[in-house]
Amino acid sequence: MNEDRLYEILKQVKDGLVGIDDAYQALKILPYEDLGFAKLDHHRAIRDNFPEVIYCEGKTREQIIAIFSRLALQNNNIIGTRAGIEIFEAIKPDFPEVCYNPSARLVYIQRSKIPVLGKVAVVTAGAGPADIPVAEEAALCSELMGGEVRRIYDVGVAGIHRLFDKIGQINQANVVIVVAGMEGALASVVGGLTRQPVIAVPTSVGYGASFNGLAALLAMLNSCASGVGVVNIDNGYGAAALAISILNAFNG
Amino acid sequence: MNEDRLYEILKQVKDGLVGIDDAYQALKILPYEDLGFAKLDHHRAIRDNFPEVIYCEGKTREQIIAIFSRLALQNNNIIGTRAGIEIFEAIKPDFPEVCYNPSARLVYIQRSKIPVLGKVAVVTAGAGPADIPVAEEAALCSELMGGEVRRIYDVGVAGIHRLFDKIGQINQANVVIVVAGMEGALASVVGGLTRQPVIAVPTSVGYGASFNGLAALLAMLNSCASGVGVVNIDNGYGAAALAISILNAFNG
Amino acid sequence: MNEDRLYEILKQVKDGLVGIDDAYQALKILPYEDLGFAKLDHHRAIRDNFPEVIYCEGKTREQIIAIFSRLALQNNNIIGTRAGIEIFEAIKPDFPEVCYNPSARLVYIQRSKIPVLGKVAVVTAGAGPADIPVAEEAALCSELMGGEVRRIYDVGVAGIHRLFDKIGQINQANVVIVVAGMEGALASVVGGLTRQPVIAVPTSVGYGASFNGLAALLAMLNSCASGVGVVNIDNGYGAAALAISILNAFNG
Amino acid sequence: MNEDRLYEILKQVKDGLVGIDDAYQALKILPYEDLGFAKLDHHRAIRDNFPEVIYCEGKTREQIIAIFSRLALQNNNIIGTRAGIEIFEAIKPDFPEVCYNPSARLVYIQRSKIPVLGKVAVVTAGAGPADIPVAEEAALCSELMGGEVRRIYDVGVAGIHRLFDKIGQINQANVVIVVAGMEGALASVVGGLTRQPVIAVPTSVGYGASFNGLAALLAMLNSCASGVGVVNIDNGYGAAALAISILNAFNG
Amino acid sequence: MNEDRLYEILKQVKDGLVGIDDAYQALKILPYEDLGFAKLDHHRAIRDNFPEVIYCEGKTREQIIAIFSRLALQNNNIIGTRAGIEIFEAIKPDFPEVCYNPSARLVYIQRSKIPVLGKVAVVTAGAGPADIPVAEEAALCSELMGGEVRRIYDVGVAGIHRLFDKIGQINQANVVIVVAGMEGALASVVGGLTRQPVIAVPTSVGYGASFNGLAALLAMLNSCASGVGVVNIDNGYGAAALAISILNAFNG
Amino acid sequence: MNEDRLYEILKQVKDGLVGIDDAYQALKILPYEDLGFAKLDHHRAIRDNFPEVIYCEGKTREQIIAIFSRLALQNNNIIGTRAGIEIFEAIKPDFPEVCYNPSARLVYIQRSKIPVLGKVAVVTAGAGPADIPVAEEAALCSELMGGEVRRIYDVGVAGIHRLFDKIGQINQANVVIVVAGMEGALASVVGGLTRQPVIAVPTSVGYGASFNGLAALLAMLNSCASGVGVVNIDNGYGAAALAISILNAFNG
Amino acid sequence: MNEDRLYEILKQVKDGLVGIDDAYQALKILPYEDLGFAKLDHHRAIRDNFPEVIYCEGKTREQIIAIFSRLALQNNNIIGTRAGIEIFEAIKPDFPEVCYNPSARLVYIQRSKIPVLGKVAVVTAGAGPADIPVAEEAALCSELMGGEVRRIYDVGVAGIHRLFDKIGQINQANVVIVVAGMEGALASVVGGLTRQPVIAVPTSVGYGASFNGLAALLAMLNSCASGVGVVNIDNGYGAAALAISILNAFNG
Amino acid sequence: MNEDRLYEILKQVKDGLVGIDDAYQALKILPYEDLGFAKLDHHRAIRDNFPEVIYCEGKTREQIIAIFSRLALQNNNIIGTRAGIEIFEAIKPDFPEVCYNPSARLVYIQRSKIPVLGKVAVVTAGAGPADIPVAEEAALCSELMGGEVRRIYDVGVAGIHRLFDKIGQINQANVVIVVAGMEGALASVVGGLTRQPVIAVPTSVGYGASFNGLAALLAMLNSCASGVGVVNIDNGYGAAALAISILNAFNG
């Protein structure tokens, strides 16, 4: 990684422009910056597909504002996931361009538009509080990272005709994210109906024996349909990140 | 239970036909018979829906033959579940009317035909060694206890068009048994497509995270479709017994 | 499904009454309506046994009222499960015929009486906060969907004589729902005493090693009595839906 | 422990009969003997209720014979649990008084009769290979340690009238051991019908969701009946040891 | 059960003092009373060892007061477990003799002194909020049911010399209750040091991998010491009930 | 699905070339064929990315040969996974072009070369029997379905310099499959070092607390790196199918 | 333990300076003190490595203050873990030298400086609320018990270059504590890069399938790197105590 | 890592002795060797504490011999863990100095004696097949890597006096390895009695609810004693590696 820089340093050593000790130190220092409680890595874009994402859950308001403000000085685009509205309100005075989506619980700044990398369908089984926030996190994060998103919600397998009406739309996407709780069967049904890669996101709401999403997680891992990859329970952002890495694989 | 007999005994006491001590003893003795290692209950038919079922797994050949022979003297119909062919071969010399089904691993005698109580559809997701033996156990036991069975196999959700072709047949049954392993999604899809009561049987075969049927079991318990009841993993007989009790509820 | 309609459309195509494109679209569109966050399916009654049930847990007050109001315009009978009293109070001004049952936590409208389909016995092991709300949800939902319900509460196996006094009543039902937490033994005991189909509902309250209903769930799945089907932990509505589908199987 | 001996040593020190160093050593040395791979504790009878029990599972034939032979020189009574017949055959030439019970898989020597300490009822739900070997291990070990045992087998709750006929016998015991697999409901039912202390032993055989006895174990721990203590899955010896310690509590 | 009464009824039938129908009804009616939401069983003392115990957790204040008041009219001794102080305060005006123990969270009335049945030692590993409330529930319930209790607290195995000083006291008890969380090792150590029956109560407090008492529960079930029976996590009352049933086994 | 065909049928109806009844039947019949125990779906290629894959585990030799032979008549390319060498030997006489890979346990026929869709890197943590067979299944299946595969084995994180030497190769792939057991950390480390989508395959071999791959599975689902999707334990084929669906998403 | 004292007592007995009874009592009394609800053991320093640590979680304010005050009279150094600021504020009036660290939630008195025993590196994967409090508990406890601590935070494997820059510092420590949640991969990576003993602390924060730290716990137990020992989830103090015992092993 | 070499290469670049491209390549190539199925890392000794350890379980005889032979050419000391005697017999002809320990299942070559780094006590609870092989693996591996080992076997807590006799020996070790199955209490008891670091190894043998070592694992993680680190179930080698890394921490 950063191979050009390595090559350049070696060249400078050869040319006597840089001493051995300095080169030695340079080779060991990688570009990040110390904020005390969190090391921010501005070069992460080289390895990853989006400048910086902050997982806000459990962090104090002060910590999030400090990290956010610091990043906002050097990055055009920033996403904070699992953010309450109070985070948004605290950041807004200094960064009026900040946006907030209460359903997805995302706070974000998008100064430069990411070029569209491809199409992402986000499909949910239900329309309730279990599936929609996770789906919205997946959908909005996908958009912020370069996905053209189509939302197809409430097409669970208990009324499977609702889903069939949408198969055409699903097949037009390059990647399909399926968000489902309870028994998670939607991932298998969609996986059986489309050739596209399916990213399955189990959600945690349900009656007792859903065990906070374990039932859906296991179901998705055991999908009889092929072409299904699973991310963590309720991890909408993780699904988006995988979707974008798939789109990138053919755009980078 | 056995209220007429209780009434009769009381009457005999009143009429002086039976002494107090005898009545007292009679009221405490219920009709079963001691075979040493297993108490056989010939009156079980009153409470249950089929004379006698022997769970053969783990029992020694000698034990099974002894129980089977004893029952065969006083019952017209007997089923042994989870029976290897060696059980069949050992019983056959004495009871030439005994039958064996190697797929369902059932050994049985059916001397008197049970009147047909209703229709049972047995639906499987797969066609492999995980689902078929369980489905056959469910189907054949249903038949032996009075069900008219239609087998609809290999209609899993990964190729859901196979299932849709069969929905008409499924809807003609009074009760539907769905046998599925892996993610068990078939129970939800069938449950969403039919008004009939669905009995879901998870099966134990699958890749690692099926955890021997746990994934399918949890999925079925969390079915988003209504009208689904679940029995134990691989328990084809249990599904049949529940199906027959449903048919009986309107024939008895 | 909807085969007459399919046949009719084909006929109209043949007769030149309908163009190919229109027929093509018609065949793909199934009757539901888009409410933004939830697709309501007015035709669900054809496949399922009751017009519409809303699972209120986790949904916002606003969401529930919107769904409820929308459904109430086109349906005679609606049930909202897991509903707090505030839902009831918010709906009542617009729909004065709405009812609320605080124990079952059900809010419902019943404009047209469902014809009685059969008898359901709801049996509980305990009389405390673990079993009664679940039992009431099962009982009241059963009534709202056409069951004639008899409640037989607090007949747990620790004082088994209480149960025996009620066996006659239990045997008069077409379907028996057994609600029990802790070790869930009541399902097995009832299952052993009756020929009727038994729907077992594990409940989640108990000391530590009940693991929120897991102990009762596993016990019921492993019932030594036959004719027992299990639904999810605390899922009183699910038990009712299965009971009604059983009653329907012989009335439809 | 061994307080008299401590007192005596101190007295001997005071009287000059024993030197400080010797006393110091004596106080640190407790009476056991080194056999290389297993320290045998001949004084264990003081703390425990039976001379010596060898858990044979997994030990090599050679190891078991060595331990057994060594113990047989200094103890009148020895039990080897989970012993195959080959252990018995190997020991018999040197100790012709050795006995073997193939069902309980116990090999034992009983040279001196233990006085009867009290009555133990051993009750099982089933009559098959799940329950009987465990029950026999419990019953025979109880007998070898001073229990007068009554075996009451195959009285599971699916045919609960079988159990009621035996309640009188059960109530005559001082301690009741209940052996049951599947859903383990028998422990609760017996616990609800008797005042005697109940020792519950879950067994490991069953359909898939018994998870090798976990279902019965959890059920027994959650028993709604009071006066029930649970031992490990299939641990017949453990139940016997607890039963004997209860009998001893009033005989010692 | 209630065999004298059965005999007497039969005699009355014979003597013509009671008609068949009345006898029939009498034989079917067992003595309990219907309070609407809970059937109270005044004769439970015959089968169990203490008149009536109310598990208050989750019940409403109104429910508990109603049950308590009703029982207090016909019973001398009543215990309410898991009771907050508000229960006590609500009952006190009507029953000034009611007592409350905030540590054990027990509310109780003891009008007649139970004769002492034997000695119970209650031993805890810790002195903190995990072990003491459970131990106090066990200790006080034991006292109210006839146990002479000695409390031996904070003698966990991390400082095992504390325990050894108390072994004498432990050995003087007829039954030993060991209350321990975390790794639950105390049950094994005490079990190895005493001949008395040991009732092990796992407690639920601990760091993450205690999994709310599962670690201690499994440890106690796997105790290498013999003579140990386990009750549910945090179930101090259950331990007391088992202890009293053991004392009763030799006093009744 | 199959929309052109639907359109065409409608057109033929309109043109009077096809009668209503025939059209009705045609619309309901989807192209699969009944082999008795398994419905073979020759049109699956339209929905999925490779003609036909047979999961051989648990199927009898006879079943596999029958399915394989039947498919081989109508398909150019067939894969049998989890196949022992005896399957290969049985098929070879009739289909001399069949190949077998003992490490991957794949038996396959490849009559027509699939055009290369993109590059797949298959990376393993270890070189032992846990990881290599799974990796080979993933690699060979990928090749048979159109992937150009680079194998990078034995680069686990315990000697992380081995991995860094290969990062360049990894980054040249379009999709990366990471196969790892034990703690599964390799998925996170690779995910952190590459922008490409990572498919993580947990493997089942390890010391006790790997719980047959559960430890690796959970680790991969909780990966702190983004762009990681997880498939079932040991499911090399599943990883390949997902990889190919990703490659297809930009080639189809 | 305390062998000199034992020897001395024996000598005094021999010399007639101490009577038998007194010696007997002395040998049985070990030095601790009874505070009612908690036995304080002032001599624990002989066996353990730090005077006294109070686990405050769940204890009442009054209990903690009582224990703390009592210990503070006889010990120079005291640590209270999991202490809220209200504990600190309650203790401060009487013991103005008390300190509080809100991140680590430690309240402590350090009157005498512990000599430095060696170097401890505390390494975390993240910088958020999951890892830092646990790391700070580990770091500060280590310092208070004689460790010279270097904190190396936020060097998780998703940006592994951050870690490599710190390997030199890590290698200079005598013991390394690694604190990580999610997939816990950092323990393996650090373990593979250093020869020093690694103490791994799983943390409990994460998405659903982290199951409150179980994923990280299992990962660490299955580490492919050698030289890794694991402590309980979130148990920073436990890691410190193990680190100090390692440092002590070469200083004591 | 390998910093001198890095420095030297930079110096050679500066001095013109090495070209930029060569340096660039050299910096990227780390010293390992490709054996086809396993990359052998001869420099691992720099980072780890012993030349090379082969985990033989599951590897084929051929694979093990190839790896072993290759390593034996360049290393003085090699250990193969979990090796059957057939591995030993296959290697012996070529390397007559190879040794085999059947109890520990270790095959090893020790050409150069490792200097003694410190003392290790290996303590077991039992003397049976659960604990001894694991303990022997730990003990012999410790010896081969520089530990002076004292074996203290069969001192489980059920007869705790056996343990106390050995506390002096335990305290003389620098590190203590405790091997225990069942409830794993020995780790806590030893941890409470010694100041030395304790490495706890849970073993997998036991009755049902040991769940293959899970009970002991959880118990050890929840140890109430401080200074305890846990390794994987049955992982004797892992315990030895951690012990040696501790000894090394003060010898390196």
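Per-chain residue numbering starts at 1, and chain names A, B, C, D, E, F, G and H are given in the order in which the chains are listed.
Basically, a contact is a pair of C-beta atoms (placed from the backbone, for glycine too) under 8 Å apart; a residue touches a chain by one contact, two chains touch by 3 or more.
Fair warning: this is a prediction, and the values are worked out from it, not measured in the lab.
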- Query: Can you list every chain that touches subunit D and also touches subunit F?
  - Reply: B, C, G, H
- Message: Among the chains here, which has the CA centroid at the largest distance from subunit A's centroid?
- Response: D
- Taking each chain's centre as the mean of its CA atoms, subunit A sits from subunit B at a distance in Å of 49
- Provide the list of subunit D residues touching at least two other chains, using ranges where the numbers run on. 1, 47, 159, 192-193, 206-207, 209-210, 214, 217, 221-222, 226, 232-233, 238
- Message: Run through the chains and report each pair that touches.
- Response: A-B, A-C, A-F, A-G, A-H, B-C, B-D, B-E, B-F, C-D, C-E, C-F, D-E, D-G, D-H, E-G, E-H, F-G, F-H, G-H
- Message: Could you list, by residue number, the parts of subunit B that touch subunit A in their complex?
- Response: 125-126, 156-160, 182-185, 187-189, 191-193, 206-207, 209-211, 214-216, 218-226
- In their complex, what parts of subunit C are in touch with subunit F? 6-7, 10-11, 13-14, 16, 19-20, 23-24, 27
- Contact set on subunit D toward subunit B in their complex: 127-130, 132, 153-155, 159, 161-162, 164-165, 205-210
- The residues of subunit H that touch subunit F in their complex are 1, 28-30, 32, 37-39, 41, 44, 47, 55, 57-60, 63, 202, 204, 212-214, 217, 232-235, 238
- Task: Using the touch rule from the top, collect the residues of subunit G that touch subunit H in their complex.
- Result: 1, 3, 47-49, 53, 118, 167-168, 174-175, 192-199, 217, 221-222, 226-233, 237-238, 241-242, 244-246, 248-250, 252
